[in-house]
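There are two complexes below, and they share subunit A, which is joined by subunit B in the first and by subunit C in the second.
Coming up: the complex of A and B.
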């Protein structure tokens, strides 16, 4: 299996007639192609058994006012060594159309619809041209990420209706759910087509919570946008802020001091812990097993109170800054973390034993909401959901960041892809997180926690950053603009990839299991809608 | 079975095990207390998310865990606006959620109170000005109580609910 560079050579070999420029950006091999050649090359990278690239990110940039062109970038993660390979192509001048790669790379589906909505560029050949982000009441021609779109304008409201995918047949009816749900959860719409109890089709329609995050980033300075990154998805405040900070640090050529890297890893693991424990409880709650929910809720609350004592924020907000971390943890604080985690792990083991002794719980979880390995691959699924479906990917091991070079996680992989597997991944990761935190604390180097600031980068430079948050891979692409401002910031929460996949996991299950399946994915609506 | 009982016994009662908080920065207005009076010792809440980052939802959920246990004060979380006395709204109101919020408000039976939870619901927070945000909650529906914070801690939310409740018991005397 090839690394990035050999993959580039293989692509060149396979397409001798195609004109391409080979380059690299911060160590990521990059191929610049003519836009009409992209689908063929993307297909080759995605399907060739020697390369097997899975689409990790697809984003567009409006280069105005410096240059009158749009750029489309396709980031692939190669199967074996998890190297990255980047394709890019230009739409110069007044061009508005580009060839869709969705027919050959399924994972591009939502990305291309998103680009159509936000940039007004048309993916020709895309099988689904309905609007995604801009709901039907948005006026025609309002494409927020175009540089001539004023960020704080007031949009007028027009008439329009979304065309849901219809299912016909005897006894088939639709159950609309949302945007406002019965529980205390975020807003989103699910349309279930059912015949009796079994779900025949699930359609997810989101973006109710679209707040214009990417445009808001463009109004900020590189070094000052951390609070916004923390509020992309509140439950992943650390994941998003670390990902953002790393991208900016690469741009500014900063070296983060070792102690700050360790503390970042520690905060990431604390965030993973309270979310995973909460999720285990919530999954049990959706099978009406209130006892486990109560115990897990209690442990989660203990962890959040610990976060509050350590940093003054239950969500660990305000700990990261560009160049390092804002606050250092003292010796007594770290001992407190150690002691508390020992107690929590002891309790968690007891709760696990209680869980798996309960057949009525485990039977609800087994074979429910199966996301097959094949579907997972097609959707380029990763993170907790991916690892439960046999996708052996974890950025902490594959592209180590923060302190994970020196402190490697054990990656939990299960193959069944059902609710139980997703719960098992979380259970294993809880134990591993606690182990990692103990190790991080033991190895914690001394020294400063913040790097000195450097001059702003040249406009047009950009950097990609990837962080394994507790849900999965969080990707940020940050491009520098004039005078230290942000020209473009692409944010990709793992939820954006997993929402289309959940549509397939629900098919064939009964309606009462849908909340359970949804909970086992536990995706962010805010991080998806942006 | 014995394992479960043993675990429950060794855990004991955890309700109320949280650090005390300072009283809320913005006191609950007399009008709001007056308005909350009909709900006496039972207040049913419907939570509506109009574009939050989901941290406020997590804190609302935390209210129902065994440590805060909001139900001991007669506060319930309902699944439908039709069963509700109070709407708790989180997040700035996005362009896409504006209509849903107004619909929910209409569906909620009178008398009702509206609680804006978190900085975004009060003043749009970091999302202020965006093309996709139409403004704070009070631009669309009348707001009676504001709970500031990003996000407010569960104990802080509880303190405000307490004030609404406390006023009622005083009036009962």
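Coming up: the complex of A and C.
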């Protein structure tokens, strides 16, 4: 299996006429193409058994005012060695149409609809041209990521209707759920088409609370946007802030001191721990097994209080900064972490024993909400959901960042793709996170925790950063603007990839099992709806 | 005169004790989850609060929606008056036997199902269709299991059944049949009163609800009546369990000391049973909806076996 460079060579060999230019940006091999050639090359990269690229990110950039062109970038993760390969093409001189790759690379479908909504560029040949982000009440021509869109304007409200996919037949009914829910749940709409209890089709419609996060980034300076990144998805503050910081550090050519890298890994694992333990309890609660929920909730609370004592924030906000971390942990604090985690793991093992011994629980979780390996591949699913469906991907091992190349995380992979597999991935990762935190603490180097700042990068330079958050791969692309400002910041939470996939996991299950399936994915609404 | 007094005593006991029983189950759940839990009297406060609130009624609802709470409440209370509670001679036993009781409860369920459909909301209809499945499957198991005991007594009149087995003072004529009928009735109780593993009274997830889904559109005093009726129904089932299958201690004559013992023993027994249900709720996950018929099917088989054993063992 090839690495990035060999893959580039293979593509050049297969398409000798079409590749305009081969380059690389911060180590990522990059092919520049004519826009009409992109679908063919993307198809080759996606399907060639020697390359097998999975679409990780697709984003657009408006280069105005420096240059009057839009750029489309396609980031692929290659199968075996998880190297990256980037395709890019230009839309110059007022062109607004580009060839959709969705017919050949299914995972592109939401990205292209998102680009259409936010940039007003049209993916010609896309099988689903309905609006995604821009709900029907947005006025015509409002594309917030175009550079001529004023970020703080108030839009008028217009009328419009979204066309849900309809199913017809005797006894087929639609069940609309949300966007307002009975519990503490964010705004999301689920349209179930059912025949009796079995689900024939699920359509997820989100993006009810577009905050304009990517536009807000463009109003900020490179070094000052960390608080915004922390708030993209509230339960993944560390994941998002580390991803953002890493991208900016690459741009500024900063080397993060070893101690800061270790502390970042440590905070990432603390974030993974409290979220995973909370999720295990929440999955049990949706089967009405409230006992496990109560105990997992207690452990989660202990962990969040530990976070609070260490950093002053239960969600670990305000920990990262560009160049390193804000807080250093003292020796006594670290021993406190060790002691507390030993106690928590002891209790967690006990809960685990109860969970595995409970046949009524296992019966509910097994074979519920199966996401097949094939569907997972088609949607480029990764993270917890992917690893439960046999997708052996984990950035901590595949593209080590922070201190992960020095502590060997174990990657838990299951093949069944059901609710139980997703719970087992979490159970395994809880243990591994605790082990990693102990290891990180033992190996923690001494020294400063923040690098000194360097001169701002040249405008137009960009960097990609990838972090394995507790949900999965968080990707940031940051492009520098004039005078240390941000020209473009593309944010990709794993939820954006997993929401379309959940539609397939629900099909064939019965209605009362859907909340359980949804909980086992536990996707972010805010991280999806930027 | 004394008889009328007993009727009122039984009525007030059912009304007054039912929120307490709900409170006991919630408390047991809370304690097993390491929570302190709400006070045992919280369900009373909830009812008082709801009775004081203005009800909101959907503009698409018909008269069924507003009539149903009264019908459900009245039929459940009436069912409660047909069975012995603390004295084995039920004053109203002339009015109907065990079959009347079962169908009095079914009447309430029927109107509850109609009410769920009536407002035309998404989740109400779902709850109604599920409740209809559960009720239909639970009913035969319930009748058969009580019939197994009725055969021992030679009567379908609950007073006669309870009185005769109470007089036996701990003796059971056909223990295997008795136990199997008890198990069947216990499963029916969990299903009919919407407890885990059949339904989850504590969930906020509309898609998984059975009983609660039918009540989603209700508010104010209507909701209070529905909640109270659900509590009384739970108490009726617990009472059937303790009095039909273990009536020892119930007052068999109308002397003050026997009555006092009868009331005390009754309260202790139903509270104990509520604790057991609370523990069971904490031990199990809810069944997948399509497994519920299997559970109720096994209850039916148990009840049927009880009948067979009764005949074969009597020899």
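As a convention for this text, the second predicted complex is superposed on the first by the 529 of 530 C-alpha atoms of A that agree within 3 Å, B and C clash if a C-alpha of one lies under 4 Å from a C-alpha of the other, contacts with A are read in each partner's own complex, and residues count from 1 in each chain.
Quick note on the criterion: a contact is a pair of C-beta atoms (placed from the backbone, for glycine too) under 8 Å apart; a residue touches a chain by one contact, two chains touch by 3 or more.
Remember, predicted model here, so these are calculated numbers, not experimental data.
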{"item": "First, second, both or neither for A:38, with subunit B first and subunit C second", "value": "neither"}
{"item": "Which superposed partner A:361 touches (first subunit B, second subunit C, both, neither)", "value": "second"}
{"item": "First (subunit B), second (subunit C), both or neither touched by A:385", "value": "neither"}
{"item": "Contacts of A:227 with subunit B and subunit C, given as first, second, both or neither", "value": "first"}
{"item": "Subunit A residues touched - subunit C or subunit B, whichever exceeds", "value": "B"}
{"item": "Subunit B versus subunit C as contact partner of A:182, first or second or both or neither", "value": "both"}
{"item": "Partner chain(s) touched by A:73 [first = subunit B, second = subunit C, both, neither]", "value": "neither"}
{"item": "Subunit B versus subunit C as contact partner of A:202, first or second or both or neither", "value": "neither"}
{"item": "A:298 touches, of subunit B and subunit C: first, second, both or neither?", "value": "both"}
{"item": "Contacts of A:514 with subunit B and subunit C, given as first, second, both or neither", "value": "second"}
{"item": "Doubly contacted residues of subunit A, that is, touched by subunit B and again by subunit C", "value": "182-183, 291, 294-295, 298"}
{"item": "Complex interface listing, subunit A residues touching subunit B", "value": "135, 137-138, 144, 149-155, 179-180, 182-187, 207-213, 215-216, 227-228, 231-235, 237, 291, 294-295, 297-298, 300-301, 304-305, 308, 314-315, 317, 350-351, 353-354, 357, 524-526"}
{"item": "Of all residues in subunit C, those that touch subunit A in their complex", "value": "29, 32-35, 122, 126, 129, 196-197, 200, 202-208, 281-291"}
{"item": "Residues of subunit A that touch subunit C when the two form their complex", "value": "175-177, 181-183, 196-197, 284, 286-291, 293-295, 298, 358, 360-361, 363-364, 368, 510-516"}
{"item": "Interfacial residue positions of subunit B with respect to subunit A in the complex", "value": "3-4, 7-8, 11, 14, 18-19, 47-62, 64-68, 77, 79-81, 91-92, 94-97, 99-100, 104, 125-127, 129-134, 150-151, 153"}
